[in-house]
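Have a look at these structures, which come just after this line.
Here chain A shows up in two complexes: once beside chain B, once beside chain C.
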Partner chain A sequence: MIVEIGHYALALALGVSVIQAVVPFWGVFRQDRTLASVGSSAALVSFALVALSFAALVTSYVRSDFSVGNVVANSHSAQPLIYKFTSVWGNHEGSMLLWVLILTLFGALVALSRRSLPPRLRAGTLAVQGLVAVAFLAFTLLTSNPFQRLAPVPAEGQDLNPILQDLGLAIHPPLLYIGYVGFSITYAFAVAALIDGRIDAMWARAVRPWTLLAWTFLTLGIAMGSYWAYYELGWGGWWFWDPVENASFMPWLAGTALIHSTVVMEKRDALKVWTILLAILTFSLSLLGTFIVRSGVLTSVHSFATDPARGLFILLILIFFVGGSLALFAWRAPLLRQGGLFAPVSRESALVVNNVFLATACATVFVGTLYPLLLEMLTGDKISVGAPFYNATFVPVMVPLLLLLPIGQSLAWKRGDLLGAAQRNAVAFGLAVLAALALLFFTRGGPVLAPLGVGLGVFLVLGAGFDLAERIVTRASGWQAMLSRARGLPRSAWGTALAHAGIGLSIIGIAAQAWSTEAITVLKPGERLTSGRYTIVLEGMSPRTGPNFRAEVARFQLFAGDRELTPVEASKRVYTARAMPTTEAGIRTDGLSQAYVSLGEAQDGVVAVRLYDKPLILLIWIGSLVMALGGGLSLTDRRFRLAAPKRAAPAGAVQPAE
Partner chain B sequence: MTIAQPTRPLPAKRRFTRKQRRLTLIAAAGAVLFVAAGLVLFAMRDTIVFFYGPTEIAEKGVLPGTRMRLGGLVETGSVQRGAGQRISFSVTDGKTSIKVGYDGLLPDLFREGQGVVTEGVFEGAGRFKADSVLAKHDETYMPREVADALKKQGHWQAGSSGSPAAAPAKP
Partner chain C sequence: MRRTALIFGLMLLVAPAAHAVQPDEILPNPALEQRARAISGELRCLVCQNQSIDDSDAPLARDLRILVRERLVAGDNDKAVVDFVVARYGDFVLLRPPLNAQTLLLWGAPFIILLLAIAFLWRRARQRLVDAAAPNALSTEERARLAALLGPEDRSSG
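Showing the complex of A and B:
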C-alpha cells in the first residue's frame, strides 16, 4: 500500500508540475495576478508530493520490503539500518527520486522566500523550474520507476554494492545533488529574465544567494566524494579526472565564475548578458553531468546500469533545456539594456579576468571529457584522457588566475590602483616566495614544481588574510576600534577572504602530494615496511565477522620515525550476498598528514601490503571545507538573508568597501 | 574607500572608449582562449592513450614502445606469480592473446576468465608491460571497451554486462 501511495504521489507531482509550468506563464500573459501566483502553491504541493513519494521508498527500504524490485536489487535484510536507509539513493532509480526531491525542494524554497521579487520574475522562475521538474518526473516515472513490484517476492535482497556500504554514500550524493540541482534555480531565473526581457541589479541580488547556496553544497559534495574515493577505493589517490568527477567539476568551475559575475552585476549593473549566459551554461553543465553519469556513454567509476532508453531520454531533456535556453538567449539577449562601462583597472575588470580564466579552464575540462566520445563516434578509435592531459591544459590556465587573485581582491571598485594593489600584496608575495625558496632548498633533488605550488597556496592564504587585516587594522586606533571595524565588515567580505584562503590551503595540500611516497611488498607477521616517514610492522592477521560480510583483518604497529602512533588496521572484506571482495584501507591521521595502508592478496600466512606516506593531504579537504564555509558565511550576509528586515541606511552613510 | 571621490568630468574621447574597451576585452579573452586551445592541441598529441584489444594491436600495427590501454579477458590458467608482487597473465579476446607483466597490487575483482583493462607500454612480440590494472567495481560489470573488443572477435555473450563500473586501482 505504501509503495502504491509513493508511486501515485509521484505521478500526481508530475501533474502538479505541469500546472506549475503552464499556469504562471498564462497568468503573466493575461496580466492576471491570481493566475500568475498559482506557481507558488503548485511548487509547494509538488514538493510535498515528491517528499511523500520519497518517504514511501525510504519506508520500503527500511522495512526491507522485497516485493519492490528496486529494494531487492539494492538492499539486504542483514544490512545495518543506516545502509538500508542510504541504499535508497545508492542506485539509479532511487537517486533520480532524490534528484527530483531536491529539484522540487528548490522550487518550494523560491515559493516560500519572502524576498521582494518582482511578481513577474517570481512567476516566470517558478514556471521554468516547474518545466524542469516535469521533464525529470516524467523521466523517473517512465524509465526509472523505483516502485516497480516483483511478482514472486524473493526471500532475500541482492545487497547494495559493498563499495557503497559506507557513510560516504550517506553524505556525498545529497550534498552533490543540492549543488547540481541548485543551479536549476539560477537557470530558471535567467530564462525567466530573458522571457521577461528585463534584467537589472535587482535580478542579480535575487539570484546571488541561490548561486552561493548551490556552489557551497557543490563544493562540499565534490570534496566529500573525493575523500570517500580516497579512503574507500584503497588506491591512495584523491582525484582521477574521471568523466564523472569532471561532470561535477565543470558546473563547479562555471558556478564559481557565476558567483563572481553576479557580484559585478549587482554592484555595477554590468556584465548582464554574460551573467545570463553563464547561469544557463552552469545548469546545462549539470544536465550534461547527469547525462554522462546515467547514460553510460563514458566508461567511469560511477556509471549506473546502462539502458539506451534512459540515455536517449536524458539526451532529449538536455537538448530541450540547453538548446531551448540558448535559442531564447540568442533571440532575447540583444534586446537587454546594455550594462555600464568600467575602467580597465578596477575590481570589476579583475572579476572579468576571473571569468575569462575560469570559463577557459572549464572549457579545457569539457574538451578532455568529451573528446574521447567525439573521436570514437568519428573514427571508432578509443582513447583515454587522464591526468597528463589536464596537467598540461587545466593547470596552466588556473595558475595565472590564482596568481592574480590576491591582487584583484584588493583592487577597488570603479577605479582601482594597480600599483597600490601590488604594493599591498608585496609582503604576502615576498613571504610566499621565501617559503617556496626555503622548501626548494630543504627538499633539494626532489620535485621542483611542488615548492612553487606550495608558494602559490601560501600567497593565496596570506593575501586573503592581509586583505582582511588591511580593512580592520588602522594606525592610531585601539583594539576596540579594530574590533568594531571587524564587526562592521560585511559577512560577505569574511566569506570572500575565507573562500580564497580555502583555495590556497587546498593548493598547498595538492602540491604537497608530489612528496607522497609509496611502498609495496609482501609481509609475514613481524616484518616491517617503510615508506617516507612511516614504518609499519605486521602484528598478525585475524578473521572477523560483520553483519553482512566476513573480513580478514591485518593489524599493524605504526611508527613515524621513532615515535609510535596508534596501531592501524586494514582489511579485506567479502560481502556474502554478492560474494564480492573489497579492501578497507587503514588510515592513521598524523597532524595534517596521513599514513595509508592497503592490503593485497593474502595467502600462506603472507599478505601483500601497500603503504603510503601522504604529507599534508588533509589540507586538500580542509581547504574545501574552508571554501564552503566562506560560501556559507557570504550567504548569511545581511543583503541576502531571506526575509531580512531592510536596515534603513542613513542618508550618506558610508558602505564599507567589499 | 571612505572618501567619496568627486566624479571627474569624463574625457572627450568617451565615445571612442566603449568600442575600444570592448575590443580590448575581446582581444584579451581571445588571447587566453587561444593559448588554452594551443595547450589542448599540444596535449592531445602527447598525453592521450589509445585503447586496443589484443587483435587490434596487430591489425593497427601498434609500434613497440607505445603507451596504450589493453583490454580483454584474463585468460584462464595464465596467471603466474613471480617474486614479490610480480605477476604475469595473458589478456585475450578469443583470437589473439598478449602476455602482460605487472608489478603491483591487483584490484579486488581481478579474476581469471573475467574482463580487465590495463594501462602500460606495448613491448612488441605479444608482450605488454602494465603499470596499472584498472579494477571493476561490480561483479557483473564489463568495461565497455572490453565488451566492444570481444564483440569484434565474436566472443561476446549478451547478458554479461551490468551495473556500476571500472575504477582506477593505481599501482
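Showing the complex of A and C:
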C-alpha cells in the first residue's frame, strides 16, 4: 500500500509540476497576478508530494519490503539500518528520486523565500523550475520507476554493492546532488530573465545566494567523494580525472566562474550577458553530468544502446534544456542592455580574467571528457584521455589564474592600482618564494615542481590573510579599533578570504603528494615494512564476522620514526550475498599526514601489504572544507540571507565595500 | 576507473578488490622499477574504464605490467617500451593521446579557447577605448542608420 501511495504521489507530482510550468507563464503573459502566483503553491505541493514518495521508498527499504524490485536488487535484510536507508539512493532509480526530491525542494525554497523578488521574475523562475521537474519526473516514472512490484516475492534481497556500504554513501550523493541541482535555480533565474527581457543588479543579488548555496554544497560533495574514493578504493589515489568525476567538476568550475561574474554584475552592473550565459551553461553541465553518468555512454558509445530508453530520454532532456535555453539566449540576449564600462586595471577586470581562465579550464575538461566519445562516433577510432592529459593541459591553465588571484583580490573596484596591489602582495609573495626555495633546498634530488606548488599554496593562504589584515590593522589605531573594524567587515569579505585560503591549503596538500611514498611486499607475522616516515609490523591475522560480511583482519603496530602510534587494522571483506570481496584500508592520521595500509592476497600465513606515507594529504580536503566554509559564511552575509527580514535601512542603502 | 565510477556516479558496475602492482612483479633494481611505474601510469588497462595498468588489478593489466618490466630489463629505453606496447595495442593504450591530426583539436582546445577569449576581450576593450574617446560620437553604423532615417525628411524639407 505504502509503495502504491509513493508511486501515486510521484505521478501526482508530475501533474502538479505541469501546472507549475504552464500557469505562471500564462499569468505573466496575461498580466494576471493571481495566475502568476500559482507557481509558488504548485512548487510547495509538488515538493510535498515528492517528499511523500521518497518517504514511501525509504519505508520499503527500511522494512526490507522485498515485493519491490528496487529493494530486492539493492538491499538485504541483514544490512545495518544505516545502509538500508542509504541503499535508497545507492542505485539508479532511487538516486533519480533523490535528484527530483532536491529539485522540488529548491522550487519550494524559491516559493518560500521572503526576499523581495519582482513578481514576474519569481513567476518565471518557478515556471522554468517546474519545467525541469516535469522532465525529470517523467523520466523517473517512465524509465526508472523505483516502485515496481515483483510478482513472486523473493525471500531475500541481493544486497547493496559492498563498495557502497559505507558512511560515504550517506553523505556524498545528497551533498553532490544539492550542488548539481541547486544550479537549476540559477538556470531558471537566467531563463526567466531572458523571457522577461530585463536584467539588472537586482537580478544578480537575487541569484547570488542560490549560486553560493549550490557551489558550497557541490564543493563539499566533490571533496567528500574524493575522500571516500581515497579510503575505500585502497590504493591511495584521491582524484583520477575519471569522466564521472569530471562530470561533477565541470559544473564546479563553471559555478565558480558564475559566483565571480555575479559579483561584477551586482557591483558594477556589467558582464550581464556573460553572467546569463554562464548561469545557463553551469546547469547545462550539471545536466550533461547526469547524462554522462546515467546513460552508460561512458563505458563505450556502444553501451549507450544497452538501455536506449534511459539514455535517449536523458539525451532529449539535455537537448531540450540546453538547446532551448541557448536558442533563447541567442534570440533575447542582444536585447539586454549592456552594462557599464570598466577600466582595464580594476577589480572587475581581474574578475574577467578569473572568468576567462576558469572558463578555459572548464572547456579543457569538457573537451577531454567528450573528445574520445565524439571521435569514436565520427571515425570509429578509439583514443584514451587520462590523467596525463589533464596534468599537461588543466594545470597550466590554472597556475596563472591562481598566481594572479591574490593580486586581483587586492585591486580596488573601478580604478585599481596595479603597482599598489603588487606591492601589497609583495610580502606574501616573498615569503612564498622563500618557502619554496627552502623546500627545494631541503628536498634536494626530489621532485622539483612540488616545492613550487607548495609555494603557490602558501602565497594564496598568505595573500588571503594579508588582504584581511590590511583592512583590519591600521597603524594609528589600537586593538579595540581593529576589533570593531574586523566586526565591521562584511561576512562576504571573510568568506572570500576563507575560500581563497582554502584553495591554497588544498594546493599545498596536492603538491605535497609528490613526496608520498609507497612500499609493497609480502609480510609474515612479526615482519616489518617501512615507507617514508612510517614503519608497520604485522602482528597477526584474524577472522571476523560482520552483519553481512566475513572479514580477514590484519593488525599492525605502527611507528613514525621511534614514536609508536596507535596500531592500525586493515582488512579484506567478502560480502556474503554477492560473494564479492572488498578491501578496507587501514588509515592512521598523524597530524595532517596519514599512514595508509592496504592488504592484497593472503595465503599460507603471509599477506601482501602496501604501505603509503601520505604527507599533508588531509590538507586537500581541509582546504575544500575551508572553501565551503567561505561559501557558507558569504551566504550568511546580511545582503544574501535567504529568508532574512528586511533591514531597517532603506533598500538603496550603501553596501559596505568588499 | 570502475570503482570511482561507482562512487561518483553510483553506477553499479562490478568492482573487484583492487590490488594493482603485486609484490612478485617488482623489479629488484629500484631505478628500473621506478621507470616501470612511471610508464605503467601512462598506459591504459584495455579492459578497464579509464584506468591505468598501474592502478588496475585486471589480469590483462598484470600481463602488461610484466611485459613493461621485461622490456626494461631487456634494456629498452622508456620510449621503446611504450612504442612496443603501442605497436601491439594501438594508440588506445596511451592515456596521454599522441598529438596527430585526429587529436589536434583535443590538445589545441585550451590554447584556442584562451586565445579566442583574449582576442574577444582585446577587441571589446579597444572598441570601448574608441567609444570613450568620443563619448557622444555615433558609430559608423549608427551614422548610416541615422542618415537612412533622416534621408527622406531631408528631401521633403529641402
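Just so we're on the same page, the second predicted complex is superposed on the first by the 638 of 658 C-alpha atoms of A that agree within 3 Å, B and C clash if a C-alpha of one lies under 4 Å from a C-alpha of the other, contacts with A are read in each partner's own complex, and residues count from 1 in each chain.
Everything that follows uses one rule, which is that contacts are C-beta pairs under 8 Å (C-beta built on N, C-alpha and C of every residue); 3 or more make two chains touch, one makes a residue touch a chain.
The structure displayed is predicted, hence computed values, not measured ones.
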Where does A:W228 make contact in the superposed view: on chain B (first), on chain C (second), on both, or on neither? second
Kindly classify A:A412 by the partners it touches after superposition: chain B alone (first), chain C alone (second), both, or neither? first
Considering only the touch criterion stated at the top, classify A:T364 as touching first (chain B), second (chain C), both, or neither. both
Is A:A247 touching the first partner chain B, the second partner chain C, both, or neither of them? second
Is A:V537 in contact with chain B, with chain C, with both, or with neither (first, second, both, neither)? neither
Check whether A:V385 is in contact with chain B, with chain C, with both or with neither, and answer first, second, both or neither. both
Mind working out whether A:G237 is in touch with chain B, chain C, both or neither, as first, second, both or neither? both
Could you look at A:P344 and tell me whether it touches chain B, chain C, both or neither (first, second, both, neither)? both
First, second, both or neither for A:P173, with chain B first and chain C second: second
Going through chain A, the residues touched by chain B and also by chain C turn out to be 91, 161, 163, 233-235, 237, 240, 242, 296, 299, 341, 344, 352, 356-357, 360-361, 363-364, 367-368, 371, 381-386, 388-389, 392-393, 396-397, 520-522, 572, 580-583, 598, 600-601, 608, 610
Chain C residues touching chain A in their complex are 1, 3-12, 15-23, 26, 41-42, 44, 49-52, 55, 90-97, 102-103, 105-107, 109-110, 113-114, 117-118, 121, 125, 128, 131-132
In the complex, go through chain A and note every residue touching chain B. 91, 161, 163, 233-237, 240, 242, 296, 299-306, 341, 344, 352-353, 356-357, 360-361, 363-364, 367-368, 371, 381-386, 388-389, 391-393, 396-397, 412-413, 415, 520-522, 572, 578-583, 598, 600-601, 608, 610, 654, 657
So in the complex, the part of chain B that touches chain A is made up of which residues? 1-2, 4-5, 17-18, 21, 24-25, 28-29, 32-33, 35-36, 39-40, 42-44, 46-52, 69, 84-85, 104-106, 108-109, 119, 137-139, 143-145, 148, 161-171
Sites on chain A touched by chain C in the complex: 89-92, 95, 161, 163-164, 168, 172-173, 176, 225, 228-229, 232-235, 237, 240-245, 247-248, 292-294, 296, 298-299, 341, 344, 352, 356-357, 359-361, 363-364, 367-368, 371, 375, 379, 381-389, 392-394, 396-397, 520-522, 572, 580-583, 598, 600-601, 608, 610
